[in-house]
Each structure stands twice: as C-alpha cells, then as structure tokens.
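Listed below are the structures to be examined.
Next, two complexes with chain A in common: one pairs it with chain B, the other with chain C.
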Partner chain A sequence: MGLLSKKDANLILDPLADNNPITIQVLGICSALAITAELKASIVMAVSVLFVLGIGNVVISLMRNIIPSKIRIIVQLVVVAALVIIVDQVLKAYAYELSKTLSVFVGLIITNCIIMGRFEAFALGNGPWRSFLDGIGNAAGYGLILIIVGFFRELLGSGTLLGFKVLGDPIEKTGLYAIGYENNGFMLLSPMALIVVGIIIWIQRSRNKALIED
Partner chain B sequence: MENRTDKNSYTIIFAIAMVLVVGSLLAFTAASLKPTIAENERMEKQQNILYAMGVNDNDEGSANFISTDKVGDEFSKYIKKQLVIENGIASENDQAYLIDVKKEQTKAKSGEARRLPLFIGEKDGKTFYIAPIRGKGLWDAIWAYVAMDENMVVQGAYFDHKGETPGLGANIKQRFFMDDFIGEHLLDASGNFKGITVAKGNADPKNLDKTDNEVDAIAGATITGDGVTAMIKKDLKLYWPYFKTLKK
Partner chain C sequence: MGLKQNLHNFRQKNKDKKWLPAFSAIHTFLFLPNETTHNGTHIKAADDLKRTMNTVIMAMVPCLIFGMFNAGYQHHLAFGEIQQATNGFFSAEFWTLDNFLVGFWKVIPLVIVSYVVGLAIEIFFAVKNSHEVEEGYLVTGMLVPLIVPIDTPLWMLAVAVAFGVVIGKEVFGGTGMNILNPALTIRAFLFFAYPTWMSGDKVWVHGAVEQDQLIAAGQNVDAISGETILGSLAQGKAAGYEVMDMFYGLIPGSVGETSTLLILLGALFLIFTKIGSWRIMLSSVVGALVMGLIFNAVVSSGWITESSKFYGLMSTEFWHHLLIGGFAFGTVFMATDPVTASQTTKGKWIYGFLVGFISIMIRVFNPAYPEGVMLAILLMNVFAPTIDHYVVQGNVKKRMKRLKAKVA
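Showing the complex of A and B:
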C-alpha cells in the first residue's frame, strides 16, 4: 500500500469484513431494520453516515484533549447533532429535493450507535488522520451490509431494484410473473431485515471460524 | 490522579462554552439560510398545486414537478382564482396558497373558524378545483393536494409525507399510488360525500372500478394508508358544501 501504511489500511479494511460494525459488533441494527426495504434508501443512508462519521471522528479527535471526561457522551452527542442539523439546513437551502429524500434519515443518523461507538472507542484516543480513516472504514462496513440487505429486500419483496421493475410487472403479469412468480411481501417487513442480517452473519462466521465466540 | 479536565469547574465552563458556540453556530446557520429555505417551500407549494392539476414533467413511471425556474409563471398562467372559504363564504385572495393548513387545523380544534384555501385552475378548457389536505401517517404528518372537477371526481392528486418508512409508507408519493386516485369519485351514487378508502383486499389492483370509493392499498403500509383515508374523509368533506353551491 503506497499511500497508506499497513496499519492505517487495516483501519479501513477491517470493518469491511472481520470487524464489521453490524455483523460482528452488532451495532447500528436499528437503522438497518428501518430503511432497508428499498435499495435507494440504503445507499442514501450509507453515504450520509460515511459523511457524518468521517467528519465527526475528526472533530472529536481534535477535541479529545480538552473534553471533560464526565460529560464526554453529551459532548459527542452535541457534536453529531450540530453537524447533522447544519448539513440538513444547507441542503434545504441549496439542494431542496435531496434534503426531502434525506429528511427521514436525519434523526436516524444522530441516534445511530455506530457513530457514538466510534467516537467513544476510537476518536477519543487517536489522532485526527487515523480517526478519519477509522470513521470512513466503519461507515463503509456499515453501508456495505445495508446495501446487501436492501438489495435482497427490494428484489424479493417488490421485484424491483432502485425502482426499476427487473423481474417484470406483477399486475400486468409479464416477465417472471407470467410463470406464476409472486413477490414475497414479508420481505418488506422489518423482521426480514434481521433474518437477512442473520444469514450474512451465519455465512461470515462459517467461513471464518475465528469469529465464533464461545 | 486527577488532571485538569476532571475538575468540576472546568467541566461547567466547558459545557457553557460548548452550548454558546454550538448554539450561536446553529442560530447563525438557521437565520442566514431562512429566506432561501422559505423561497424553496413557497415554490414547492406551487409545484404541488400544479402537479395535482396535471401540469408536471412526469415521464413514464416517475413523478416530476415542473422546474423551479418556470413554476412562478406557470402558476399565474394556470391558476385562475385562489379562494379562501371561511364559515361557508368564499372570497378571493391571491395569497391563499400561503395559508398553513396545519395552523388552520389547530385553530379549528380550539373552536375558531378554519380558513379553507381552494385553488381554481384551468387547463385545456377544463376547470380544476384543488384543495390542500393534511393528516397523520404512521410516524409524522402526511398531506396532499387533490384536484377535483365540480362533481368531486378526482382529476389528480399529489401526496407527500414528512417521515413515513422508505419503501413502505413513503410510497404514497409514488406514481403507482397517486395515479390510482385519478377518476375516482368522492361522492357516492346518491350524491352524498363518501370519501375514498385506501382498501386492502378490494380485489381491484388495476383500479378499474372508479365509483367504488376505494383505491388499492400498499402492502406493509396499513397505518399510512388508513391515515390517507382519514385525511380525505375529514378534510375534503369540509369542501363539500362549496361544491354543492356550484350545482345551483
């Protein structure tokens, strides 16, 4: 790795697989349930968290020596809430359509436990550059799972991907539907998100026994 | 060992400073962006109203507004009259589209008279009566602009929401849901107000029966759908007396 040292590169690569925030640390499950019924929402959420966690980690890291330890959680919460609100306001003024798509996610970003988790576990003890890499890595690991879950839920639940009818039209009975295929409405309900995440965890741990806890 | 940042006095000063800095930063952002945001919201209302009467940039499958640089001109071109109905009396008011339906609903709850805005548009020789309505979905507010003809047959509708679940309740603003309302009757066969029910199991997914006062519900969005039904039955009914005066 020319650009990054091996240690730094691992900050990004680890959370993608063997230290994934969702499947290994089991953080951020709530938003994984809430918004993965369609692929587009998953992608928007992944990008938003990437942005907030990358910047937030740097801000907290820069402040790490002056934050009083007694109120550090409150300080972290204020930083992330302020960041998200400012971004939301700027989007409302200059990218109104995009801000309407994001409106649902603002609250979900602030309460996302991955963000607070990384602030607490990493940014408070590391420099800004490493914190930035850690933020990007964890957000990418989170986003990856979100997109996988969103892909399967939208495909099997609605028969579409990003809104395109990839399997044919269920009402006109074209494509797969002509031979009797039906959408599985259960995929659209939140419990199925947990089951899909469960299947990912199962596959991941059966391929890498080191991840199995006693 | 206690260091500087563990002291109570330091903690309190830090907290106060943080609140001041973050508070003024947020206040500054909000105040300086307010005019731009208000302008966006005003144009969006015009886009919504025009969308309902069929003035839009829809392509196959997706719902698109006419662009913001055209919306002001198009609005004055198509919307012939803006009415405010108060205590059954309709008067013209060219700022009626700025009336906040939410505030009017609160007024009605506390016993005051509610002002009902109604927009009269004309396109290709047809007259549209467009009413804004508002209600509750699963998580937060939902609202709509419904265009009707003088018999209260829906000619077009635009639905929107503040925070419904993406992929489920949020789909009320998708074409496949909104377009189902077109041609649907709000009155029953004997001319009384019945509304439109978002119905599960009406066995009419292509919505061929326009006089059944029902449209097909979205799977997994029962509560949002019920909210749409309630909003139509409650808010559009308030306009019924006005439509009766048109018949005379």
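Showing the complex of A and C:
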C-alpha cells in the first residue's frame, strides 16, 4: 500500500470484513432488505451511498470545528439531505425506471443509520482525508453485502443477473428450465433477504471466531 | 451375541473417530447400545426420545398407507378409468392393488428424498460439531411427504428439506432447540417459493400437471381438474363431495392429510400412549368450531351476501371445517409437537385454541390459498414462549399473593 499508510488503509479495509456495517454492526438493514431483489438496484444503491457517505464525511469533517455541538444532528441531516437530493435528481434524470424501483429508498438514505453513525463517530473527530477514506470504506462494506445479497436473490429468484436471463428462459423453457428447474419465489420476498444476510453473518463468524460475541 | 457384539466392539474401537456419530445414529436406530449411565440419579422410563419418535411415526403409518391408495384412486378417478367408490371407506373399488401401486411409486420417492436429505444434513452437523445425531428428524421426515401435494418435484422437496432443517432447526442448535416446527417450515418454504406447485387445481391429483403441459404443447387430451374442497369453496362453488367422503378421506388433497378417520385413529393412539397432548388437540378443535360458528352467524345475520368472495367458505357448516383441508392433520401431528408448542398446561389450552381459531380465520380470508393451518401453527409456534412466560408469571403472582396473605 504505497499510496496509503497502514493506518489509513485499515480505514478502508476494516469495514469491508471484520467491522462490516451490516454483518457486524447490523446497521442499514432496512434498505438491505428492501431493494436487494435485483442486482442492478443493489449496485445503484451501493454507489449512491458511496457518494453520499464519501462526500458527506468530508463536508462534516471540514465543518467539524465550527458546528455547535448542540445542533450538530440538524447540521448533519442538512448535509445528508442535500447530497441525497442530488443523487435522487440524478437518478430521476438519467435512470428513471431504476429510480422507480428504488422508490422511497433513495430518499431514505437520509435515515440510513450507517451515515449518521459515521458522521457522529468519525467525521466529527478526524480530518477530511481520513474521514473520506472512512466514508468510502464503510459505504463499500455496505455495498459489498448489498451486492452479494442482490446477486443471490436475483439469480435464484428471477433466474437473471442485471436483467440477463443467465439460467435460460422460464417461458420458452430453455436452459435449466428445460429440465424442470423453477425460480424460487421466496427469494423475491424480503424475509429471504434477512435469511441471506443471516447466512453471510453465519459464514463470516464461523471463519473468524474472534467476531463471535458471548 | 454375534453381530450385536461385533457392532459394539467396532464402536468401542473407533471411539474417537470423527465419523462415529454417523455410525452410532444408524447403530442405535436398530440396536440398543451396550451402555448404561454411570453417574447421577436418573428417572428410569422406557420412553426415550427414540421411543417417542417411533410412536408418532406408528401413528402416522395408517395415514401414509391410506394416502397411497387415495393417490391412486384420485388419479384413476380423474382420468375416468374407474367409477366413484360407492361404499366410501369400505368399497372394494378403493382398496385395489392398482390404486396402491400408483400411489406407492409416487409417495415412496417423496419419503426417501425427505429422509435422505434431512438425515444427511443432520449427520453432517453432528459430525461437524461432534455430538450424537438426535432423533428429531425421524418424525419430520415422515411428516414432510404427508403434507405435500403428490406431484411435488423431488428436487424442490430436497431444496425445501435442506432449507427447513438448516434454517428451521440447526441454526437454533438442533433438535429440541428449534422455535418453528421443521416440517411446517419446509412446507411453508415450498408454499412461498413454488406457489404454483402448492396450490391450484392441478397439483393434488397425480398426472394433472403433466396433462396440462401436454395441452399447452398442443396435444388433444382432456384437462384434469382435481380441485380440493377448500379450493372449490373459496371460488364459491359447491364442494361436490359427501360428508362421509370428507370424513373417510376419499378427496383430493396433500398425500396424508385427507382421511379424518385415520387421523382420529392416530390421535387416539397418541393420546393413549401419552405422547401427544390431548389438551392442545381438544382446544384447537374448540377454537376452530368457535371461529366456524362466528362465520356462520355472520352469514345468517345477512352481513355477507352471496356476492362476497368470502361467502363460500363462511357459509360452510362450521363442523365441516374439521373434516376438510389439513386442519385435522395439523392439529393432531404438528400443533402437538412438544418442542414448539406451549409447555405449561394453561398455556397449552390457550395455544391450542388460538391455533384452531386462527386456522379457520386464515382459511376464510387468505385470498391466495384457502388453507390456514400451516400458517396458524407457525404463528403460534412463535408465540408459544410468550404464552408460557405469562402463564408462569401469573402463577408466580398468585403464589406471592398467597404468601403475603399468610405472612400478614
């Protein structure tokens, strides 16, 4: 890691695995359940949060010495809200269909616990460069889980990936469907997202015993 | 001694091998091990876990055998190869070898897949965590083939069993620790994952789906409809079966759930051997009757007109609800599961009543699928610990009061 010192690199790498916001801190679950039925929506959501959290952390970090601590939550909300509106408008302008799939969940990024959590826990006490790395790292950790869950839910639930029929055509009965395979409708329901996240947590903790709490 | 001693010696010799639990599971299933407990005080009783499980399986065997005959009977009847049995349960047209063989070749694969997949997962987890294989799957493995439609594809069953055993049971710590009844978890998974194979008017009669596919492919064959009674009623049509047929079970439905008579026989056997809780069964029946009476009263008071989509099921005579669908089977064999039901006596009454009550409610109001016993039992499984908690707290409070009165 020539570019980053080891300490800085850990800001990005830790949230990807051993301090993942979803699987370890169990934050941001609502959106992980709601929009992961399609891989495309998961990716867009991941990128949106990456943008909001990366920029937001820098903005808050720059203002950290002038924000009165009594009204800091309001200030943070204004910053997130402004960024989320930008994301929302961009999506509506360039990917209208997708923004309809994501519906209110883009707007609800404002209330995503991960974002407020990073503002409070990190950006208010660290410089802009480190805050940026921290924001990128946490958003990437969040996005990683979203994409894994979205991958399995779309593949098993609809038999497609990013809209491509990778398992064959269920109506024409080609590919896997010719031998009697059928899509698993349960995968498209939110409870299954929770179970998939649960399985990821299970695998992660059984590989790294240090993560198991009493 | 011979074989028995040899097996025992083999077990001793391989005491610390990793695969030993897999061996002992099969060993102790067939033989009583040569071991006795060495320390502590123990209650001596013949009904260990294995005996309990075997008793439940024995109670289900009549349903299984009947299910095979019925599967063949419904198949032949729907294809117009035989006449309707005139004498109900005792008609010779029903108990034919031909009926049995059709059913046998359809049901046995379901049983085998259910046991092989389920036990393989149990053994895998037992070996991995190095504990003995528990007998919990014996009953589940027998329940599963009895509560699915006859034409369920085997790979779907395998996927569902794997899901049910891992997510429904092993993640909670295996047999005795599960919150939800594993057999119903498997059934619920199938229902939500592959709804077209679990509901409608094609899946209940062997061959109907195939016939449908032939028609879709442009061949000139008759469409077969094997609507269940609940399915007909939900669409506002007449049930089309005599009450005695419902009771004897000569109706389309999941493999082993149709014959109320044989389920009743199983229930008596379970109550007689004190394996199943008669309180849960009785209160569940009462709950179902109460809900049925409420619906009947709603209809007779004129709140619901014939144009309502609920009219068909609501106007069904309240006691018919006990005979149709999976209600009887669920109440006797699954609501009484000692692990997931309430443990306290008062809790059992409440739990059972709500199972029956909610079953009929869901049955009438569920627009997608006119059966409620599966979801009702799963829902009450979740609430069983809560019910127990309040029953125990109530008891504590009562005793505290008594104590205070005594002291004061």
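As a convention for this text, the second predicted complex is superposed on the first by the 194 of 214 C-alpha atoms of A that agree within 3 Å, B and C clash if a C-alpha of one lies under 4 Å from a C-alpha of the other, contacts with A are read in each partner's own complex, and residues count from 1 in each chain.
Criterion: a contact is a pair of C-beta atoms (placed from the backbone, for glycine too) under 8 Å apart; a residue touches a chain by one contact, two chains touch by 3 or more.
Quick caveat: nothing in here was measured; it's all calculated off a predicted structure.
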Which of chain B and chain C A:Leu189 touches, first, second, both or neither: both
Touching partner for A:Cys30 - first (chain B), second (chain C), both, neither: neither
Partner chain(s) touched by A:Ser158 [first = chain B, second = chain C, both, neither]: first
Partner chain in contact with A:Ala41 - chain B first, chain C second, else both or neither: first
More chain A residues in contact [chain B versus chain C]: B
Partner chain in contact with A:Trp202 - chain B first, chain C second, else both or neither: second
Touched partner set for A:Gly180, first chain B, second chain C, both or neither: second
Chain B versus chain C as contact partner of A:Lys70, first or second or both or neither: first
Intersection of chain A interface sets (partners chain B, chain C): 185, 189
Contact footprint of chain B on chain A as seen in their complex: 34-38, 40-41, 65-71, 74-75, 78, 82, 85-86, 89-90, 92-94, 96, 103-104, 107, 153-154, 157-158, 163, 171, 185, 188-189
Residues of chain A touching chain C in the complex: 180-182, 184-187, 189, 195, 198, 202
Residue ranges of chain B in contact with chain A within the complex: 5-6, 10-11, 14-15, 18-19, 22, 25-26, 29-30, 33, 36-37, 40, 44, 61-62, 162-168, 170, 205-206, 219-220
Chain A-facing residues of chain C, complex: 153, 155-156, 159, 167, 171, 189, 192-197
